[in-house]
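Same chain, two partners: subunit A is paired with subunit B first, then with subunit C.
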Partner chain A sequence: MKSAGGLVIGAFVLLLAIWLLWVVQTAIDIGAGPRLAEQAFAGLPATGVSNPVTAVLLSYRGYDTLLELAVLLAALLGIWSLGAASPGFQAAGAVLQGMVTLVVPLLILAGGYLLWVGGHAPGGAFQAGALLGAAGVVMRLAGDERAGLPPLAAQRWLVVAGVAVFVLVGIATMGLGAGFLAYPIGWSKWLILAIETAATVAIGTTLAAAYVGGRPWSHADVSGQS
Partner chain B sequence: MVDSLALAVSVPLVGGLLATAIPKRAQALGLLASLVAVIAVAWVLVGVWQEGSLRSELGGWAAPLGIALVADGLSAALLAMAALVALGVGVYATGYFRRGDAAAHFWPLWLLLWAALNGLLLAADLFNIYVTLELLGLTAAALGALTGSVEAVSANLRYLLVGLLGSMTYLLGVALLYTAHGTLDLGLLAAVIQPGPVAASALVLMTAGLALKAALFPLHFWLPPAHANAPAPVSAALSALVVKAAFYLILRLWLDVFAPVVTPWAASLMGLLGAMAIIWGSWRALRSERLKLLAAYSTVAQIGYLCLFIPLLQALPPGSERDDLFVALVLMALTHGLAKAGLFLAAGLVQRDAGHDRIDDLGGTAQNMPATTFTIALAGTALIGLPPSGSFIGKWILMTSAIESGQWWWILVILVGTLLAAAYVFRVLSRAFNLEPTPRRFVTQARTEVPALLLALASVAVLGLAADSLWRLLGMGEGA
Partner chain C sequence: MTAGLLLLFDLVLVTTLVGLAIAALISPDLRRAVMLFIAFGLWLALVWARLRAPDVALAEAAIGAGLGGALMLAAARRAARRASANGGIDAEGGEA
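On to the complex of A and B.
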């Protein structure tokens, strides 16, 4: 019986896959051509950056990226709400410790480079933040209970920094008379860099804190009310 | 230029950030943000009332390159309902979460959920809708697990995984449409879409994904445990708002974007699923042993009622009859949202007062908590569809349209569903009233009881008696 059920499901999934492949081919044949790529390249001079991917993420569809950063934050808040983190691993031996002291500064340096280069070549806040998060993971594996992060009160400010700078820039451009997230000409490069820097720090902190896997044990944080 | 649409999303978002950063003040900051957000939503509502619809292009980039936010009558009505429920839930939460720890976890996630909901209702871009769905699903599952009990965590982990499957299926449909037409904007897409295998497949994939999130029968299996085990203010928000948001998207796709693709056969299939949801959900509600489980199954049935409108809307030609039917649909959705929020908040109070929510052992609730019992009765009135509640008018127009479009068989489903709803509501009330003597005080804890009461009252009195203005808001000519 069990294998018969599996066979039916397998056949169903196979049919589904064939159907999807056929539909995708039909959709390609309808042929919208280069779709939005040409328009995205044509708009580049007005965005203040020369990397089209960064232009899509921070200028054309900046609002999507803003909400995606909020998704990351929500994931960490969910992890924190489920309880305290397990204690850290034992301290690393001399060889691992030696590697950590070498790798972590390199990761931070590479993160900073990717952040800067994102304006005109592949790179940007998500890649840079991932490297910072990896540095945190390495430190946690080597026995650092907090994965190299500051105390919880400071972590809270760091993880909201990305969304906060993004949304405040949006409200500010709206207040200046342009639309929400409509960067004024000439300012856009620096506003994008400010948003990306805050986002890098927030993403790195969020990933490392998510790896720690729970709220760091701290009384001072919530003892105000009871 | 102040953009009320962007503010309706960013105000709760900023509130959520502040509540995250300063946990000691989470409650005060959360309430403050809620008030400002309600003002922003009221602003949107006034704008739509005066101009019919609002559109704002974010980042100064017009569609298809940029993302637009759009508010029309439908989204404004749901935004307003969400704001009312959110205000009620917020005030209730100040009395419900006694430990500062719980409040510090509740507020950031709750405000992010509200921001996602407003973003979803205002979105006019298929991929942007996907992002808001992700934010909504993640915050909803995290909030549902806040009690930390094994049942709550496992039910909401399943909710999270089901939600992810739904989002991915939806995204598959979006990818197909973008491949074929090169745009993600709802308005531009509606203009170019043609009946064919690509559009039909995209509609099936997106509807299946959203039906999973809306808990449309037979994809409702995850809802009862997830909603019944969440903290009361969270259950209220999940049942009244989050499920409704997924249905709102189904409605947008079927009536706006895919209008030329939808066939009578496909619309009837949605109606059939809705009919089964009504019967099955109401029956399970009647058989439930726990009050919160009853409320959760009743949500399954209510989503069914909303789906019944789809084949009728598809069958009727544009005109005043179809306009009336559309308003009736929105009226049902709003009434159910308010009533279900009130019912879940009241159920939470009963559960806390009695230490359980087993319906058979609820004797004396009417004596201990008169205001809460009254709330349950009022919300029940709206769920059954008794006058003067909004769902009375909604069901009336629904049945009239069913006769006029020759699809009389839906009426049988509505009658059976209404009968079952009356049975499950009176079953609770008869238990609650079975002890003498008369109560000493009507209200026992104003902070938690009054918001629940007001929401239920609004579902019965305000929407029913002031339904006329909804016609105007939705731009459907003069009231019937």
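On to the complex of A and C.
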């Protein structure tokens, strides 16, 4: 019974492999035909950024990025609904604490740099937010119970900041008659920068809060019971 | 000469990547599997850089290997603690 099931799965995987090889082969046979890269480069001056990846993420396909931020937010809401966060690690010793005081400001600085440089070179909100989140993880490992995050009320605002600014900008451009997330040409760069800044803060907060791994607000209740 | 060297480099990249993936999949110990997965993520970042996609390489190293790895290590630790408690009272007091 079990071997029959394994046989079926094996045959399935083999078929999938053959299909994948066929897809790759046809892609190679067709060659580099008309792709979207040229169109993406052609529209670049109007977006106000010179990094094509950032242009695609925030100008051409802003919806995708908005929904990615919403997915992150939904994931954090899921984590918060799982239960109370565990109490943090014990306070760091002198050596680790010294490293943390050195590394965390550097991570924040590097995050800001990646955010700014995303306009014209590899970088951007997700990478910068990941660095901010990493700073939170390091602080949590060094004994900070809240991973360096502000109190809950501020945390909630920070977590929704990315989606909120994104949607507000979209509604504002709609109000101007350009359509949802169709940036006016002169403002494009600054709108993208505003969205990316909010997204960076939101992603950093979300990732650090995800590492805390539970809802932060019933902590007093839990420690009061035990 | 250079092309041959690059081909060799690529072959080493790809075989190590697949090897790390298989090792992470078949590892019986959760912690070990997560560590192999982190190594896999860092190696994948190298592959992305070799494919001239520095944006993806940055994101893979920072999110895929770094934060994903940290989250999975925490999850593995929690799972191990729960397994060792084996139905006893959860040490964290966070039983949902």
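Assume the second predicted complex is superposed on the first by the 196 of 226 C-alpha atoms of A that agree within 3 Å, B and C clash if a C-alpha of one lies under 4 Å from a C-alpha of the other, contacts with A are read in each partner's own complex, and residues count from 1 in each chain.
The working rule: contacts are C-beta pairs under 8 Å (C-beta built on N, C-alpha and C of every residue); 3 or more make two chains touch, one makes a residue touch a chain.
This one's a predicted model, so the numbers in the text were calculated from it and none came from an experiment.
In the superposition on chain A, A:A182 contacts subunit B only, with no contact to subunit C. When the shared chain is aligned, subunit B and subunit C each come close enough to touch A:G83. In the superposition on chain A, contact of A:G213 is made with subunit C only, not with subunit B. When the shared chain is aligned, subunit C comes close enough to touch A:Q127, but subunit B does not.
Look at A:L21: by the touch rule set out above, it reaches neither subunit B nor subunit C.
In the overlay built on the shared chain, the residue A:V13 is in contact with neither subunit B nor subunit C. After superposition on the shared chain, subunit A has more residues touched by B, the comparison being subunit B against subunit C. Common to the subunit B and subunit C interfaces on subunit A are residues 82-83, 222, 225-226.
Subunit B contributes residues 1-3, 6-7, 10, 13-14, 16-17, 20-24, 27, 56-61, 64-67, 99-101, 103-105, 108-109, 112, 115-116, 119, 127-128, 131-132, 134-135, 138-139, 141-142, 145-146, 148, 153, 172, 176-183, 196-198, 201 to its touches with subunit A in the complex.
Of all residues in subunit A, only 19-20, 22-24, 26-28, 30, 32-33, 35-36, 39-40, 43, 59-64, 67-68, 70-71, 73-75, 77-78, 80-83, 156-157, 159-160, 163-164, 167-168, 170-171, 174-175, 177-183, 221-226 touch subunit B in the complex they form. By the touch criterion stated above, subunit C contacts subunit A in their complex at residues 54-55, 57-59, 62-63, 66-67, 70-71, 74, 78, 92-96.
Chain contact summary for the complex, subunit A toward subunit C: residues 53, 82-87, 114, 122-124, 126-127, 130-131, 133-134, 137, 207, 210-211, 213-214, 222, 225-226.
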